[in-house]
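Going in written order, the chains are labelled A, B and C, and every chain counts its residues from 1.
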Amino acid sequence: MKKNKDITTRSSVYKRSASSKIEGKAIKWILLACALLSVATTVGIVVSLVVQGWNFFMEVSLWEFLTGTRWSPILKPRAHGVLPLVGGTMLVSIIAILFAAPVGLGAAIYLSEYAADRVRRIVKPVLEILAGVPTIVYGYFALSFVTPSLQKVIPNMIVFNALSAGLVMGIMIMPMISTLSEDAMMSVPRSLRNGAYALGATRLEVASRVVVPAALSGIISSFILAVSRAIGETMLVTIAAGATPRLTANPLESIQTMTAYIVQLSLGEAAFGSLEYNTIFAVGLLLFFITLIMNLIGSLVVNKWRQKYE
Amino acid sequence: MENEITQVTDKEISKNIIISARNLNVYYGNFRAVKDVNLDVKKNQVLSLIGPSGCGKSTVLRCFNRMNDLILSAEVGGSILYNGINLYSAEVDATEIRSSIGMVFQKPNPFPKSIYDNVAFGLRINGYQGDMDEAVEKSLKQAALWDEVKDRLKDSGLTLSGGQQQRLCIARTLAIEPDIILMDEPCSALDPIATLAIEELIRELITKYTIIIVTHNMQQAARVSDETAFLMVGEDRAGYLVETGDTQQIFTNPKEERTESYITGRFS
Amino acid sequence: MSSNQAQSSLFPENLRKRKRFGQIIYFLLLSCVLIGIVSLLILLVRILFDGIDWLSWHFLTNFPSRHPEIAGMKSAIFGTIWTIALTGSFTVPIGIGAAIYLEEYSPKSWFTQIIEINISNLAGVPSIVYGLLGLALFVQWMSIGRSVLAGALTLALLVLPIVILAAREAIRAVPDSYRQASYALGSTKWQTQKYVVLPSAMPSILTGVILALSRAIGEAAPIIAISALVYLTFIPTNPLSRFTVMPIQIFNWVSRPQDEFRGLAAAGIIILLLILLGMNSFAIYLRNRYQKQSEE
């Protein structure tokens, strides 16, 4: 007891306020609140989508929404089958990943296994710029450059089509794949490469039979995350892919994606609470779940791979 | 020119020498890491490279299968004659050399593949036409690992213990039937029992192979090698060869005082 | 091959074939990288080419108009400045606070782990979904209206994960010896954060903040959901004013069929890209200056 008192007397020289302990506690709580805001955001997203979507599902059955093949929420006869929007989204995303996966992986292999340090230092920032360009710019690029160029090759292609949107989307998500895949390949230990070289493997054999298989889960996860990004991408498809909800596999046709529909309806400033207004939340809810599941799978895959090396 | 090479070859063969370094110099950028090393390695023997850390013994070892090619700043001067061919002449391909001169590394580095695929790796990339199962079994037996893994060939190589992993890496090297095996401190990451197993294995392997081993453990050099080369760091920080000779002689009656001081532990 | 006799007889001579195949693949891989670089070049050149003639002083100082020759993006530029200023003032303190909590205070528990998983998942939520959140929560339920404030709050939530991740990395990079030195002088935990950790992490945090805000400047989708407006001829006067931002003005011009408006869109993109370039250069400058300092 006596000793304690001694310490207190001595520190009073430094004018440390008695309240500093309380202050420390308060600060901790404030900081915790900041961190919790991110959890609150997730809760807010789910609640707002579910509550507003609920109003929609009071009028349209979930079954009709998920299985209907016609989407016409404004023009009569009305129909609320979301499949055309999902189909449009998938069509664009598939074109994008078919382009971006090989190109992105190729670039990643080049950067991690072949490129000299000097080259890598120049190329990586360029790819980062490509990833940082606002999507509205890609929309402009698709509409004013890629579509006219493609029309020279495919004369009967219409202005708004899934193909140019998909290709430009591919350019957009390619840096994501190359960066994430390269990270995965770079963390494959040097000793494995040496082991393969010592057995007489060529550079390509080291890359394709040792490095890529060892980094495979990181690479696959980069594909999944890139597809998820493509599914959620909005302005590019709104500008370039059209506004025609249609269930088709023909990339030369005009389609509409889930995101583009949300933008289209938002621009009309529909009255709060109307059925049209609520459709965007129903579509948004579906969009949120699809991307959430893909992101979870993506990070699960990549975590599994981390455990293997650490 | 051709005559000269033939002559050299005849001379080397007569002395039963399989590979020899002549005026070997290694530079990392402007820094000379190894200075004027001349070294002969006899067929079906174990040569150990010993010396204090930083003396360039690993660097010298890596010259023998041109692993230094993979380090961008590294440059090798001089020549290494293998079957009468200079490994550093323009027409020789590093990849080709490495399937005749294999290497085992300091830390076991099995590929994250099955035990079977680890051993089959080198055969597959080289386009092996024979019976793969048989070749894998043979290599694992040679590496004294077969009995421990024959029931779990499909398991990942990473599930093995450290010593087993190192023997797997040896089996992987044996599979492509090299002439020479380079070993870079192969036991430094292993416990004493696993070390002993590898040492026994090395003695068995020399009936078929020639082995060059780098070790920081002098007892190990004394136990496994027929010949020993002692390297040191000069005042210019470049490694150089002090002397080389019969292991027995190096450890009991070295010619150079520096060797004796090192072996008796007067400096390290 | 001169060293054929050295090659063990186990294998047929196939190295030459393997090497040639490797060469072909090498060029394919190289062309993958070139596709990315060339696309960027075409994109930039194309936009410069389309838009350069439309750039003028009025373009910055005029309101949008039906007549392309006098149209400008004044309302959008001011809207963007308002939005980003508000977004920054919300997201920076909260993001740094969350990062300090997670790096320095949080116990290792399932609770912390949930927060971390949550943050990394939030970074992958499509931006339009944030727009819907803002629309329901801020515009409708909290009755803030389709205002700058609602837009800024939405963008603040959108870039919060980026700020938190950047700030955490910056804080993690502060050497532990600094903290120990501070504690050894009798500092409290908060004093250590405030006087030691944050000052040395600040340049990196700022870099991350600038990058996050430049992401916010380019976002159009969530703002469309909030503001719904693409044509506005006044500038915001207070946080509750209606507003538009540059990407939305560009979107408006892009979606018109006439070529003149395409030109305006390209001109708008040039301005937008210049702003982003400026911000990113500043971020890189900060990073380099910081690195130099820590090397000295």
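Definition applied: contacts are C-beta pairs under 8 Å (C-beta built on N, C-alpha and C of every residue); 3 or more make two chains touch, one makes a residue touch a chain.
These numbers come from a predicted model, not from an experiment.
Because contacts link each chain to all the remaining chains, their graph is best described as complete.
C-beta contact counts were set side by side for B-C and A-C; A-C has more. Centre-to-centre, using mean CA coordinates, subunit A is 49 Å away from subunit B. Separating the CA-averaged centres of subunit B and subunit C is a span of 52 Å. Distance from the subunit A centre to the subunit C centre is 14 Å, each centre being the mean of its Cα atoms. In subunit B, 95-97, 99-100, 125-126, 176 are the positions where the chain touches two or more neighbouring chains simultaneously. The residues of subunit C that reach two or more other chains are 18-19, listed in rising order. Taken residue by residue, subunit A touches two or more other chains at 202, 205, whereas all remaining positions touch fewer. By the touch criterion stated above, subunit B contacts subunit C in their complex at residues 82-83, 85, 89, 91-93, 95-97, 99-100, 123, 125-130, 176-179.
On subunit B, the positions that touch subunit A within their shared complex are 65, 67, 70, 72, 95-100, 102-103, 105, 107, 109-113, 121-122, 124-126, 158, 169, 172-173, 176, 182. The residues of subunit A lying in touch with subunit C in their complex are 11, 14, 20, 23-24, 27-28, 30-39, 41-42, 44-45, 48-49, 51-52, 102-107, 109-111, 114-115, 123, 126-127, 129-130, 132-141, 143-145, 171, 174-175, 178, 202-205, 225, 228-229, 231-235, 238-239, 259, 262-263, 266-269, 272, 280-281, 284, 287-288, 291-292, 295-296, 298-299. The touching residues of subunit C, when paired with subunit B in their complex, are 1-3, 5-8, 10-12, 14-15, 18-19.
Those residues of subunit A that touch subunit B in the complex are listed here as 116-117, 189, 191-202, 205, 209-210, 213-214, 308.
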